[in-house]
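Each of the next two complexes has chain A plus one more chain, namely chain B in the first and chain C in the second.
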Partner chain A sequence: MKTYVRNFLWRLWVPIILIAFWQIILRNSTNPYFPAPSQILADTKYVITADWVKTSLRSSAITFLAGYLIGSISGILIGAFIGANQILREIFTPITNFIRSIPSVAKVPVIMAMLGIGQATRIATVAIAVLFPMLMTTIRGIATTDMNVLEMAKLLRFGQIRTLFLVRLPAATGEILTGLQAAVQIGILVMVISEMLGSGIGLGAFIIHSQSTFMIADMWVGIFILGIIGLILNELFLYTERRVAPWYFSSKGLR
Partner chain B sequence: MRIDPKFSKLSLTLLIGFVLWELGSLIANVRNFPHSWVVFGDLTKLIVTTTFWKSLFITLGLSGAGFIIGALFACVIGIFVALKKTGDLATSGVINFVRSIPSVVFLPLLIASIGSTARTALILTSFVITFKLVTYVVRGIGETDPILIESARVMGLRGFSKIIYLYLPSTTSIVGTGLRLSATQAFGTVVAAGIVAGTPGLGSALLLAESSANYPRVFSYVFVMGVIGSLIYSLFNRTENRLIHWRVSV
Partner chain C sequence: MKRIPERGFAISVRKVSKTFDNENQVLSDISFEVASGEVLAICGLSGVGKSTLLRIISGLIAPTSGGVRINKSLVTEPSDQMGFVTQDYSRSLFPWLTVGKNVALPFKGHNISKAERNLRVQEALASVGLEGKSGAYPWQLSGGMQQRVAIARALIMKPRLLILDEPFASVDAYVRLELEDLVADLVEKNQVTTIIVTHDIDEAIYLADRVIALSNSPATVTMELAIKLKRPRVQMATRSDPKFLKLRDTLYKGLRG
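Then we have the complex of A and B:
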């Protein structure tokens, strides 16, 4: 924990220098699209009002969290079911691969055409965007369970379901966590797009609206808030991941 | 007569795909989620038009160009960052911050300052790929075997030849994974720019079909995008497995 804090502080000097640079170059900037950091900071307190938090931020949070939970949980469950059976795996992998290959942005207008514009649609788009990468990683994680461990489960007379939940799923924790982490980025991206395309509320709609009404500093505030949210989620994942499945991340040499 | 198991699996896949599709159009409104045969009928009409091939080539060209530009930037930045000691730790915060901003939020800015042109899509794609790949380059260099680094030092490798003979081969597997993931993302970003900002290519063609409520056409484009995405992925996967055959792909 101590080294974590120290590393975190050590990481701060580059951003501070970059922001100082930005401030010095653009302090008297007349370019309407790139205001100086001081201007953006001054604007922040006008943007972040109780009302704004209650509408934009809350709507985005609900969209993301609900979509992410629905998508990842169903992805893990369906993936576990498909991954445990070789025939099912061979039949379904091309289908999931194909749907995953469709850029997630292109799925948004299609889902909107089906479900209309609204909170439920936005949640559904995030859920679907998260579902397919989760399916892929879970299927792969489940399929590559160590044969010896499976033999052991057979010797202990574990049934199909017990093997799946007590042996195969725990063995795939590392893969699933990696997938969950990648899905955060996809989820935020799709959340923003669904808010941008549907005339709705939320951070994406706020950014588009600020741009079209020439409140460029507001737009930058929105961009920074999205970045900070993404960064916090990412750090949370890195932290839990090393706690939950340390063996996976040290054996793969990841991070 | 014996049936080839590969063939029977493929036909089962197609059958289940078909059933899932029809289930979709059964649950949703048929007007907004057309039957598969309607979409494939439209697809045969679509692929004989020149506008389709034009937008396809624009999209592929932009993805390729953005991918290459982004990869070059990522290599330069990544090598610079990774070879400076502790530079990695200090800059990774910035890189992670920029990476966690969803790329499309820069589109309003780019539209306002450049316009909905191909350049907008190109700039966005190069930007996304740079920040995606740079972490793979940094990680790859950071995980180079210390024994290899020592022996390179003993043999007097330095500067450019050190990069070519030491880091390039030892980072291939990690950077290869990054390249494969970035290639599909480059395509996705160009499409995203088209859908959100109306830059030329398949994305804006899809948006046009959607705004005129031509749903069979929308699904045709989505299908085409799926095919291209799969092709790009499997192309990179195959090349990667052939070039780096000594390890199992992650």
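Then we have the complex of A and C:
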């Protein structure tokens, strides 16, 4: 963990230089649309109040985490069953490709029209957005299990369920992790969109509200916080995946 | 040492042919018997269909015609009395499981207490010289050690039939000799009927009581050779025995067709 934090901080020097440049160029900016980082930072303490944390940050956190968990777990489970069965795979591939091809952003209004607005809807929106990359990667991982590995399962007299959960699913770890990582970004994106579209709470709502009331520095604060959250979530992901499936990285000689 | 014949399975391969996709005939009219407790080597050049034949015997695929009987009953699926070792240990051992859990895989679906399972895993690992490696992952071990793990797994259920598909083709020459002796020793101790497929003439003669040569395309049995070298066999001594050299010469000619 210690070396992990150190490596993470070490990688921060490029963004720090970029922000320094921004500060130097815009240090005396009076243009309200392009505040200097120092102005945004000064504004931060007015924005981040207990009330704000409670309404915006907490709501966004719940939306993202619940949506991500529901979407990824169901994606892995449904994907596993579809991937293991050729007929199901042939039936569902065109449908999943069709729905997947519709940008997640475009699906949000549809889901809102069906479920209304509220926390549950936002969670459902994120879950559905996360579901599709998870379905695709899991189906692919399960469908491409090494024939030799499957033969071994047959020789061990494993039935279909045992083969799926004890052999094919762990063998698809690489694809599933790829899907889970991509789903982090998609989840944040859809979380923000669902909050922007008329919910009134959450980080996305805060950003759109600040922008429409000309609180441009506030808007920038919101955007920065989103960026930081994305960064932290991605790092957290990289940190966790090596603890959940250490064998995967070590057996492939990755660190 | 004389084997006790009752424990192992007797195998009868009757007129087995296999054609893939209705046109690509790999095996043609193959028949042979394996007595209980016997070690049979199937020897043939690469690509002759040895592995296909093993897959049929083990019940993984069905023959196009003919059939295999193990103790008089027709093979339709892999038997739970059969241990199997393949060439490619990196794919037959699961990298997400420790060595101990890999060896314990055949217990899945059997009602065996955790204590007994652990005990038998320890025994099996000890029998292949891997005491204390239970908690390691397969990819942390050398190729030879991984193949030892695969052998331990194949024998943990005390099978009556052991099938080895080019088991030593992926390890280096010295380890190969060690593993040959390990397998010969374990086969003797377990009194298990054994079928080993190899393209190595010397290995076939060194391990087997009888060698079958497969050649031509589609493959047929071109030679059956009884190996009457005394046991236990010793690597360098046995291999330089004039009888060994003569068998070697005969088998080589048999494989050439």
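Everything below uses one rule, namely that the second predicted complex is superposed on the first by the 232 of 255 C-alpha atoms of A that agree within 3 Å, B and C clash if a C-alpha of one lies under 4 Å from a C-alpha of the other, contacts with A are read in each partner's own complex, and residues count from 1 in each chain.
Please note the rule applied: a contact is a pair of C-beta atoms (placed from the backbone, for glycine too) under 8 Å apart; a residue touches a chain by one contact, two chains touch by 3 or more.
Since this is a predicted model, take the numbers as computed values, not measurements.
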Partner chain(s) touched by A:Asn148 [first = chain B, second = chain C, both, neither]: second
Which superposed partner A:Val105 touches (first chain B, second chain C, both, neither): first
Dominant toucher of chain A (residue count), chain B or chain C: B
First, second, both or neither for A:Ala245, with chain B first and chain C second: second
Touching partner for A:Arg162 - first (chain B), second (chain C), both, neither: second
Chain B versus chain C as contact partner of A:Pro170, first or second or both or neither: second
Chain B and chain C contact sites that coincide on chain A, given as residue numbers: none
For the chain B and chain A complex, residues of the former touching the latter: 9, 12-13, 16-17, 20, 28-29, 32-33, 86, 89-94, 96-106, 108-109, 111-113, 139, 143, 184, 187-188, 191-192, 195-196, 203, 206-207, 210, 215, 218-219, 221-222, 225-230, 232-233, 250
Chain A residues within the chain C interface of the complex: 146, 148-149, 151-152, 154-159, 162, 166-167, 170-171, 173, 245, 247-248, 250-251
Contact set on chain C toward chain A in their complex: 55, 58, 60, 77-78, 80, 82, 84, 86, 88, 91-92, 94-96, 105-106, 108-109, 137, 139-140
Touching residues on chain A, where the partner in the complex is chain B: 7, 10-15, 18, 33, 87, 90-92, 94-95, 97-110, 113-115, 185, 188-189, 191-193, 196-197, 204, 207-208, 211-212, 216, 219, 222-223, 226-231, 233-234, 252-255
